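Input: structures, listed below.
You will see subunit A twice below: alongside subunit B first, and alongside subunit C after that.
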Partner chain A sequence: MARRYDTRATIFSPEGRLYQVEYALEAISHAGASLGILAENGVVLAGEKRNIHDDLCCSVSGITSDANVLINELRMIGQRYLLTYQEPAPIEYIVSRLCNIKQAYTQFGGKRPFGVSFLYMGWDKHYGYQLYQSDPSGNYGGWKATCVGHNSQTAISILKQEYKIGETQLNDALRLAIRVFSKTLDTTKLTPEKIEIAVLQHDDKTNETTIRMLKDDELITLIKQYEDEQSKLEADRQKQQQTTTSSSTVEKEKK
Partner chain B sequence: MGDDILSYNGGVALAMKGKECIAIACDKRYGVQNRTIATNFTKIFQYSDHCFVAFCGLATDVQTVSERLKFRTNLYELREQRKLKPNVLYNMLTNLLYERRFGPYFVFALVVGLDPKTGETFVYDSDNIGAISDNVNLVTVGTASEYIFGLGELFFKPNMNADELFEATSQALLNGVDRDSASGWGAVVYVIEKDKITVRELKGRQD
Partner chain C sequence: MVESVIGIRGKDFVLLAQDANTTKYGILNMKFDTNRLFKLSEHCAMLAAGEPGDVVQFAEYVGKNIQLYKMINGIELSPYACANFTRHEMATSLRSRNSFLANLVVGGYSTNERDQNRAQLYSIDYLGAMVSANVVAHGFCQFFALGIGDRLWKEDLTVDEALFMLQTIVNELGKRMAAYPHCVFVRIIDAQGIRVLDNMYPEKIHVAKPSEGELQTSADMMDIHS
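Right after this comes the complex of A and B.
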């Protein structure tokens, strides 16, 4: 690792890497996890939530003080569009504008990049429900399901196996979110205090988007559903094991 | 008419205070000097559950100031995570207007509001560079403001209920605009109470 090149944020290393960006991503991997899942009829976001405007909300992973500055900028971007065009800003427009700002800190100014990754969930009339992720490099992408922060790799591999494209409804997405969290959080038992889940839905009739946090009793129900599923799976597995051992002992006797 | 920018488009608004209720009303005319262009140009805008503002004066500034104020109030609600109170909205507006002290917007404003918990009423007005008034019983702005002031003072009684307040406000507005060629062509009246807001459209002399 060529440490001589790390002192300036805005230059490449000989291997063509931007170390400061990579170090920022490293900072984020230690932060609390955020999870986002797109459903056919809504979007689910788990983690520390911040509202940007009526139809867009995001969750933060990384250095909170850096995040506060960027959240403010996101809100201003949304309002400036609304002032000029008198209609709500499209989701990708806001994400894209913020990412251009984040990219500037990797190329000019001599300042360090922001140590935050965002997951954005929103609805607009152009593309319906959307989920985006952005990182310190200023890169962003649209996702069907993704995770950032601590243990995100484990979470992503579970999502890859379990997420069903085109078939996931909101309740499936919520169940999947609980399943991912119970496997990736460092605690043995999942309780409502440990997670914060928000759901975004758009009512086509009233043309209103609601972003709501799941209440404790809803979380308890989901967690209990998950635990019941798990204990049922465990019971089935135990029964399977018993039948296989008994059949092997019978075979031994025959011999 | 003549060269006066504040009477180029015409229009008028009035607000009155009652017992735990407020009424705010405006005419619907949009004109260019003596030509009437539209009769659906209302000058009242809502900024919070129980906060309303009316702007009278140059129509382009009515639109721009209301939109720029919305910009600021949206950010306030996002950052503070709470809805605006009438006195805060009033201070934001007067601050916005004073920022343009030496190249001002040509709108006079009325800010009204109600605290839904206590029933406390707020009625304020402002000139186009953000001069603050006290929390008063009756305010009017616009080309017919003097005529409506006279009628308003006549019909006003302290502690009116919502229905009496509606009648007093409507009569003051409708009869006042009849004396002014640049105002009229219908009216809209909002009556704001603790638990509900009623909007009524009035048909007066269509001239």
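Right after this comes the complex of A and C.
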């Protein structure tokens, strides 16, 4: 049924869908996961990180070669703005401009869309800390916490339950990130080699933004914290189970 | 050259003043209420003087582009960014077939709390050279404005002090410029936005009547009747 409408990216299907865009999104769902969480005092991004400029960095999910082209374009957008206005571009400006380019590939030119989704984390003087997601259709949105790539649906449902709006500080965000990853990565045990976490913070006094990767020992500490929490929860649960079973045996004896 | 545009930066405000004459052939005064102010955003404006057609063409182009930015991106450009954008356009057009003979003063108040200096003032000339200063001016009035500015400007200038400085400049222009400004339009830009203040006029110059003594010559003193 869909066969006739697959060949050209710029054609609508009878149901009003753009199949090439959907296929691109499908390609991304097989790629490595990226996770972004916005905190009151910083932003956390987990996944393959690429720097755009001093105040903006993004993580890539999807076809890496497509991503390289778009990363280059993002950097150019940032620099062109800096050349004209002599101040750093607002984050939404950069995201919006790139998404206009991505959208063009879904409407004309006869070329396929880019098979990449980005998660952007940045700081600007207009809106402070921001987290954006963009996808092959050219849509973008601002998020408090989101995930793209493999197992992203599971991750998002965990984030929906656990993320506290207005109350999440950076260390809460990091703990949440570890928690999400341990549940969605296809491995039994989480180790520093399997994840890459970057943190963005802006110092109001020096007016400088720092983007840094967490080092192995920091990751190990976070993972250990999570594992200790988990084992404590497990121990509590087991104790509860024992008390319920023992109370039921008491009742049986009474009978 | 005979058009005066002056900018004075004070504590949390910028004063923009312009003469209101349009002259022709160097001698005729066509208009006494010419507006040279072009609004760039709610807290930023530009005074432009020079070749009349170029001035309007360039100033409107820059002004409308800055408004377009606000519509597309939902945020206003800071005065610093507006001035740099203007300078960039001026420099680009200079290196192309269409250059503009327009000298500009860009002044504004930054609404972003993170900015160190909230009141910002820039001078951009027709070659795309931009400078930020406390007192800026273009045209022949530069000779007077900058000198008086040197004498009277101080840190944390109040509005009244700035108006006094401006009146001093205008008086001096009235006294010493052959084609002097009959009337100067004054606007202020501060946290509340752009407002128009009262017009400023050069003070009336009182010249002493020539003395009767000059009507006497040495010949008159000689008694020829006897």
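Note that in this section the second predicted complex is superposed on the first by the 254 of 255 C-alpha atoms of A that agree within 3 Å, B and C clash if a C-alpha of one lies under 4 Å from a C-alpha of the other, contacts with A are read in each partner's own complex, and residues count from 1 in each chain.
We take it that contacts are C-beta pairs under 8 Å (C-beta built on N, C-alpha and C of every residue); 3 or more make two chains touch, one makes a residue touch a chain.
Keep in mind that this is a model prediction, so the values were computed, not measured.
In the superposition on chain A, A:162 makes contact with neither subunit B nor subunit C. Legend: residue contacts after superposition of the two complexes on their common chain; A:90 is shown touching subunit C, with no touch to subunit B.
Shared-chain residue A:172: touches no atom of subunit B or subunit C.
Of the two partner chains placed by the overlay, only subunit B lies in contact with A:79; subunit C stays clear of it. Judged by the touch definition given at the top, the superposed model places A:227 against neither subunit B nor subunit C. When the two structures are aligned on the shared chain, A:52 is found in touch with subunit B, with no touch to subunit C. Where the contact sets of subunit A with subunit B and with subunit C meet, they give residues 83, 86. Considering their complex, residues 51-53, 72, 75-76, 79-80, 82-83, 86 of subunit A touch subunit B.
Taken in their complex, subunit C has these residues touching subunit A: 72-75, 77-78, 80-81, 84-85, 88, 112, 114. Residues 67-68, 70-71, 74-75, 78-79 of subunit B are the ones touching subunit A in the complex. Note for the complex: subunit A touches subunit C at residues 83-87, 90, 92-93, 96, 125-126, 204, 207.
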